[in-house]
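Notes to accompany the following structure.
Chain lettering (A, B, C, D, E and F) follows the sequence in which the chains are written, and residue indices restart at 1 in each chain.
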């Protein structure tokens, strides 16, 4: 099937960092299916954008019925992630926030990548704070704690552990701890061989906890210092279901949103670029970029 | 085989959350068999209800002979589960209580689901109390302790451990502990890699124990504060073998039950909806929803 | 081969609780073989009884020569089991005691089942005492300790551990400890995953030990309080090799036994019912119900 | 090939306790080969005796050249085993002592079995002392310590561990410790699952050590109290290479040996009965009854 | 394809220590491909040099776009490695430093080998310092810490651990600790069996940490004592992308670099010899000599 | 191919203790190849000697270029081994010392076997000292520590551990510690099951360390007490590359060496007998008798 003239492969390529050959093939296939479903004779940029989102985040699950309460919890949760990112200098900028379920996630906050190969301690500390933004928002604004933050907590713990055990970014100094069977850059190990003493294990636990607590406190300070903004983002999410980068920015800057536009047609030319989290690349498995 | 006009697929669908394709096929098959056994030319809603219960809870085992003593223990045990659920705000509502053996269980207490995807700490704490309702009822009213609570205890311990190690709901803070080989949402891990120190293990044990004890004490307070109600539920179970939601409610409200109706014909149109426990979905294995 | 008129299938069925299909097939086969060996044209109730004992306890090994000393030790050992059972309210009643070797065991004490599905703490504590009856009898009456109690000790330890780790029947409270790969009711796990701290392991060991010691002391108090009775049972076993329920009862009541009858012909119509120990059912493996 | 008239199958049968069918087949085969090598037309009792020794202890290795020093060490070592056995009431009686290498062993001390099925603590404690007889003899008489006792030490440690962990014969009381994958009576486990705390492990180590030390001290007291006898046995072994039961007894009783007879012709009708160590039966593997 | 006259096989051979047969075949193949790409009829020394670099370090990835910031970080990082090497007597001399990405690495510092088979403690200590040169340069000059040093840290930790556990070069004395399943000289073990106590594990951790800290401090002292030189090397790298041995030496000696020449044509006859790190030979796996 | 008349099979047999059938076949093959290479029609004793050395120690690697410095280190290292052996009564006598690389080793010290089957504590302690002779020589005379002693250290640690854990030769007494999956006499275990407490593990580590330190100190005392001799042996090795037993003895006795003869022609009839280390027999694997 031919590709329409509006298709800009450069833009597509920049929006798919970390895609494996299989991911790309998958995306092209999905785009062709989308065009066929629409009875188009050409695959358009619009089809490619839909296909890319589907490969990156899993299919939208509009049929998945959330209760009003769960929509509200999800909105605050995602607003928490988005606001922490927006307030921190070292974070990747927010690209899109949505409370439409996709794959396993009830909502997703997506970041713009800038193709880094190196991650500084500040960047990773900010990431920790961003990951806790959801749980903190639930605690501060809804006075509750839910299982929805389980995946964020797992990723934050893994990241903090890597900072201590792989990157020498704690008081334990520039050593690695534990032997991994398969080492992928900033990625997840398949199996791990413990080669240190119990004494060192206690210190590792302490340093991991310190990093995690610091990220949690950072998130809390940010959200408690911007209560109005968070509530506005959550409200906007409940109203519109999706917010793009510029909309989040307007709200963070204390401005009003322009009137709603059709939410799911990305044909306005905005580049849809998703930022896979470091070391959790698309190529590394079938894991959808779960709700962060 | 044709489906009778009374069959309401919407109601059936709402009553089978968590059913896999195989479960659904199994249910349809059982319904057809049931109709055939009754020499009906159509599969009726009644057949579907029987089939659904069988898939969810295992076949009724009316041939399994319980002694009078075991019937009595089972009645108090299930009454304990049902009463704790009925007295707590955050619990799923009780749907049905039975002391007819099904699968491996001597009795079952079933809850109405409401399709949650997120579980709050209050919800999970209430679940812990509900799980201990059976053991506590035996202790308080029969002055005994039996192996029948083994499965409840196992599920409560697993849940409390998840709250501490996966969901950051204890004083250990928002960290995960242990690496699972296969992670299914709120589900059961196949194998677990311990990646923390002995020191942390001691703290985890302490937090798990605290949650468990709290659930146990909650159950005890409820049952000791409603001794009459519990004994009435147990007595009604011994007399009727099955109590539906409205009957449990009447008893909890201190009212009398209407005269007995035929216990196993759900053709009065009540929606038979079973609530699989979070993370222990039907799709996850052949485990029958053991007596809770 | 036809079945004789005297065969009462109901009685047979009640005497084979826990039999799998394979066990039943095995029993029928053995009964036919027994009839053929006797040149009978019909399989009689007598053949079925022999066959059932063989499937349950293994073949009699009359050719296995025990020294006089070993016969004596075995008689005291089995008398110890039988007397503890007879003196305790919560025990299953003794059905038969024998010092004819069967399978791996030099002697066997068999109990009458009553088809329980639930086991109370009192029942299990009595079982512990019964299991230690053999070792204690050797210690108190023969002033020796032998390897013959090894299997009793193993089963008692497993039972006490289950009480602590599966059934919440110790001061550790209503928690489970350890993840089993395959869980069979009150049965034996194939492999176990330790998911608790060393600190908890110490407490578990302590509680297991307490239960075990309590069972041992109970057995000791009973046997030391009924020295004459035990010696009479042992003497009767040495004389007759098998004692049935009524004979054990007579001796426990301080009465004399009637003159000896032919020991191995169960054609007097007594129902031969063996009680498999909970969770160690026939269906669970090829384990013979070793000398308890 | 026909069997000679002098062959007494009863005597053979009593001399092969623990033989599996394969062992018996092996023995018959070896006997036939022996007869053929001698150009006999019949298999004689003599052939059977040779064959039995070969199956039990491995082939004689007369071609294995030992230095004078090693012969001397072996003689004292075996004399130590033999003398401890002879001086202890609860031991199986010595049947034969040899310093002709067989299989992996430089020498062997063989005991007369008496077909026990039960082993008392006294019997096992004596066995421990017997096992240390060899090492102690080297230490006391040759002022040396050698690797030759490695197998004795391993067996003694295993036995002491079984006494503590399987047979409830220590201050740890009547419990088992550790789960074995395959349990063979008093035998060796294939793999062991540790199910107790470190605290208990320390106590187990202490009790095992106590039993072992006690066995060692017993052996030392016996050998130091009978220095002359031990030296006479060692000297006789160096002269004759094999001593039978009566010869050992004469020396233990302080008497002189009769003049040497041909050492390897057991046609004097003495029953050659070897005692496999408990739980280490012939049927359990290809392990030769190493030098004890 | 014929080989050109300029090809000096001796020089090639000296530049490929540790090459396996497969590596050599691979190199020859790559050289032929390079010649073909250039439409040459002969394989020249230039082709062999390119091919060797590719096999040793992975293909150049000129298409991999680094941000200006990442180029700068990489330049300081590699300058740190190079300067530590240049200032230490026991180090292999630096051969080449590059910030052109190759394989997984953003930059590489390569050393001249001298075919050692034995490594002294001084040599290994210097290696530790060299490995930390990159991280220290980032910390001292850029006031940051990044994940880019992860691989250096891992290699340094492994080396320090080998010094303690394999080579007896710490206060723990001349013992080995841990059993490796496959031992390759100074290489990496596939799997390791811990055969020492927790107490010893604590001491090992302490000694490893001491060695690592010492290497880190040495690197810090060198770089802080030569701030100007480091900045000049980093600047030159940013300008030229590759520095050869003589260029590094000029800068270390405080002199100016001659005007830039074409960076990637090694036809000036300089011998391109790369030094694989001890025990991490080319033959040992497909690991590219990551950025050190 | 015929064997020459000068071939003495007895001498060959005595020089190949521990050879498996495959080793012998290998040796005969190598001898035939050697004869063929020399265009001889018969295989001579000389060919057999070369072949035996090759099978035992690996092929000579004259093409392996060592630097002058490495030759010097190797000479002192081997001189250390040889001198410790020569000065200790309980050692096997030195047969040959060489600094010609063979297999993986840069040099080899070979001992004359005397076909022991038993090893005394004195013998093993001397062996420990001999193993440390190389490291100590480097430390004392070259003031350095190198990786070249890694294999010696590993073997010494294993030997010391066996003395403590298998042979009851430490203060821990006559017990074994740890279960081996495959036990080969004094050999290496494939996998080991730890069956003792952490407390015992600490004691084991302490005893192993004591034995190792004692061996190290013994070596140090010997070498520091014979500085001249060691330097003369090292010098002779550097000059001649190989020293035979008589040459080492002359130097140890303070005498001068006779003028050099052709080093690699063993046709002077000296029996080339190599002593494999106990429990590390040729038959046990392809391990070359690395530089000791």
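Throughout what follows, a residue touches a chain if its C-beta (ideal position, glycine included) is under 8 Å from a C-beta of that chain, and two chains touch if they have at least 3 such contacts.
It should be emphasised that the depicted structure is a prediction, and the values quoted were computed from it without experimental measurement.
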Shortest chain-hopping distance from chain A out to chain F: 2
Angle, in degrees to the nearest 5, of the Cα rotation that carries chain E onto chain F: 60
Homomeric contact chain C-chain D: same or different residue positions, threshold half: different
Interchain centroid distance [CA atoms averaged], chain D/chain E, Å: 62
Centroid spacing, where centroids are CA-atom means, of chain B and chain F in whole angstrom: 71
For chain D paired with chain F, centre-to-centre distance based on mean C-alpha positions, whole Å: 36
Chain C: positions in contact with at least two other chains: 198
Graph class of chain-chain contacts, one of line, ring, star, complete, other: ring
Direction chain F, origin chain D - full chain order round the ring: D, F, E, A, B, C
Contact footprint of chain E on chain F as seen in their complex: 65-67, 70, 73-74, 104, 106, 132, 135, 144-150, 153-154, 156-158, 160-161, 191-192, 194, 198, 201-202, 204-205, 208-209, 212-213, 216
Chain A-facing residues of chain B, complex: 114-122, 124, 166-169, 173-176, 179, 183, 185-186, 193, 195-200, 278
